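Pasting the structures in now, so scroll down.
The same chain A turns up in both complexes below, where it pairs with chain B and then with chain C.
This part shows the complex of A and B:
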């Protein structure tokens, strides 16, 4: 499904002395099946932005159009839109409440009024996608699991709704490197194996460089830059100015360049950097 | 959503009233309330009304903000007015319908009581509008200190209160977050029978309780790790100081009270 944001503005506490403009006239388009990364500081408007995409927040002005359906229109079936646009919040493990993993994942499908068989099928499928084997985890209490596992249960709870757009707000925050890796791999596979649109909000520049097709950089409620990762990261100094980082491999290559070693700049991942370093070294010998 | 609820009702500012010692403000509110209740004639309210108006103007709290805080008690005000207007008898009959009648004294009394109630509510909310909750508990603790001698754990009570106040916004935010997360999973809190709606709260309450207990646990640990030992010989980072400002405000309050007492005796 495609997403069209037109001149979206959102203001918190309008009219009070502490009113804040969280989004200021933001417009962009996300195409069907794209993997888009949104980066920006805390307070740059990322979270506010994604909450508009399934209608939990209403725009103060502007429009959010998903697959041609205007979320602001009175005729729109919001429950249906919330099913189509799955939203995984920050620290989603705090929303778990059932006494079994399967029960918690079944909460969403249950709300859709599916038959028990279909619900179980959805739960099994979602657990497979987040690589938690059904046999060993379905009947366990979600509160006995590790942080990374809890988070995967929570993500599975959203995936079980069969969304056509999946939005994740900092899904790797506070996880150890291994759990982090698992979540990133899970997202890569999910995007590869199904044609759902994924929007990922993250601070992690390396992840973004690796998996996103396109990046949107938010700053002070406005779009600061957007484009393919190599284009966005190319303007390294601008990003550093607003306190954001660029991926380490890019830093590495630009430092090599400073020392007079020529290379091409569209290097984003560690693998590519290693290949390039090897090429340079072999050339020297 | 839930974020829009103003709780604690503090209106940020830096006015003369905002900077007053919270102890003085608490006492002034008490004096103000007593003054309202010993007033028995309409013109007695001139003193309290002027006093209140001056406080509101100096504090720079917008009247719109004050009126918004009146909304929840509007029903009580209307009921008071209607009951009094019909029940109090005496004076000329103004309106008669069957056994219901409105007489002159009824109207007088109804207006009198509603005026008193409105001033009471605005007066006490000016305290919370202009005093940070933490300052308020500090003030209360300091005022309750003499009661320590008779075994009232004033420090502990104030500590509990400030912790509770401190966590209201946190828990509100948390509730908001959990509600949104469950909404995103198709939860429905607004339609259906009462039983269905009550059941709909389970997915919010369980995560909320879990996180509240987790936070309480973490806070207790953090406090113990820093050797918190309760009230004995504890000093404060921001000690309350009585200044000239407070003296002026105190004097004005005393004048207001004196005015009321004198008119009362003179009558």
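This part shows the complex of A and C:
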């Protein structure tokens, strides 16, 4: 499903002394099946933006159009749109409540009035997509799982609604390195094995460099930069100026540059950094 | 050097719930000394025992076996437990769970007030504590109007106002954005370097660990490694096995060594590795 944001503006506490313009005339397009990363500081407008994508918030002006359907139009079936746009909030595992993993994931589809067979099919499929084998995990209590596994159960619950757009807000926050890796791999596989459009909000620049097709950088309610990760991070000084990080391999290349080593600039992963360091050390410049 | 905290052969067992007969061993014969004025970082995956260890340091949790001695006081001794709690302060992950008042300075005063300290002295301590975390200008604000990093700094001020000798931080940056993380880390280092506080930092972020005096690695209730960051991060395969990462420069160095290029294995800072590569450009030494 594609998303068109046209001149979107959102103001909190309009008319009050602490009025805040959270989004200021923002426009962009996300294509069907794309994996888009959104980065920016707390307060940059990221959360306000994603809450517009399934109609939790309404624009003060501008339009949010999903697959040609304007979310602001009175004729739009919002229940239907919310089913198509799945939103995974921060720390989603706090929302787990059922006795079994399968029961928790089945809760959403069960409420859609699907048959038990259809619901089970949805649960199996969702568990496959988050790499939790049905046979081993379906009957376990979600509360006995590790942090990363719990979080994947919560994400599976959203996937089981068959969304065409999946939005995740900081899905790796607070996880240890192992659980963090599980989530990143899960997202990579989900992108590969489904045609869901994925929007990831994260502060982790290394993850973004690794998995996003395109990045949107938000700053003070506006789009500060957008493009492929190598294009966005290429302008690392601009990002550093507004206090954002760049991926560590990129940071490292900039340290080499300061030492007079002119290096290939679009180095995003540690493997690319190793190639580049090897090339420099072996003198093949 | 004097040890401010001694952990001697501590084992901690607990029951998952009241009906459950089976005990779970969170700490398994752990011994560790914390030197006065030092900066100790504790790493390990979730469930490795880090937080349980932290809660032993000021008697929030008492050992099933073994003992913890803080400034000469055994945490099992009920009579001196308050003394222990005053010496060792704790800062937790979520600042929202640590706020008790509607005004920043009242929140910071909460601890000293409970110690029965005279009002003028409390005033002085609150001002000192807020200044030491760079939040003095926010003293009249409401905590909910602050950013995550600012809230966490207020929580730290609340502990500083108790004048502890040691502060234990249990994943203090896990819920913060990069700017908030940096603010909080800068404060932690300042408390150590300028104010001489003993610091114990539990974290999942390996780049928060490279500046520590000592790194303790926990796995499955055991301490599996203990040493200076440079000694720990060369052992990257063992760390990966324990589910942990190593800092970027250590990882890159190890990958280059695997390609047959000599890189000194004590390099853990990016700046050091950049220096080494710049100095040796075009003259790679093969292993």
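By our rule, the second predicted complex is superposed on the first by the 283 of 285 C-alpha atoms of A that agree within 3 Å, B and C clash if a C-alpha of one lies under 4 Å from a C-alpha of the other, contacts with A are read in each partner's own complex, and residues count from 1 in each chain.
The definition used in the following text is that a contact is a pair of C-beta atoms (placed from the backbone, for glycine too) under 8 Å apart; a residue touches a chain by one contact, two chains touch by 3 or more.
Since the structure is predicted, the reported quantities are computational estimates derived from the model, not experimental observations.
**Student:** Once the structures are superposed on A, label A:173 by its partner contacts, choosing first (chain B), second (chain C), both or neither.
**Tutor:** Only chain C is touched by A:173; chain B is not.
**Student:** May I ask you to decide whether A:89 touches chain B, chain C, both, or neither, giving the answer as first, second, both or neither?
**Tutor:** In the superposition, A:89 contacts chain B only.
**Student:** Give the label of whichever partner, chain B or chain C, reaches more residues of chain A.
**Tutor:** Per-residue touch count on chain A favours C.
**Student:** In the superposed arrangement, does A:240 touch chain B (first), chain C (second), both or neither?
**Tutor:** Neither: A:240 stays clear of chain B and chain C.
**Student:** Touch test for A:79: chain B only (first), chain C only (second), both, or neither?
**Tutor:** first
**Student:** Please work out whether A:147 is in contact with chain B alone, chain C alone, both, or neither, and reply first, second, both or neither.
**Tutor:** A:147 contacts chain C only, not chain B.
**Student:** Chain A residues touched by both chain B and chain C?
**Tutor:** Common to the two interfaces on chain A: nothing.
**Student:** Which residues of chain B touch chain A once you look at their complex with the stated criterion?
**Tutor:** Touch residues, chain B against chain A: 3-4, 11-12, 174, 177-178, 180-188, 202-203, 206-207, 210-211.
**Student:** Spell out the residues on chain A that touch chain C in their complex, using ranges where they run on.
**Tutor:** Against chain C, chain A makes touches at 41-43, 146-147, 173-180, 203, 243-245, 248-249, 251-252, 255-256, 258-261, 270-271, 273-274, 277-278, 280-283, 285.
**Student:** Touching chain A in the complex: which residues of chain C?
**Tutor:** 44-47, 93, 147-148, 171, 174-175, 177-180, 204, 206, 243-245, 248-249, 251-252, 255-256, 259, 261, 270-271, 273-275, 277-278, 280-284
**Student:** Residue numbers of chain A touching chain B in their complex, please.
**Tutor:** 12-13, 17-18, 51, 54, 56, 79, 82-83, 86-89, 92, 94-97, 107-108, 111-112, 143, 157-158, 161
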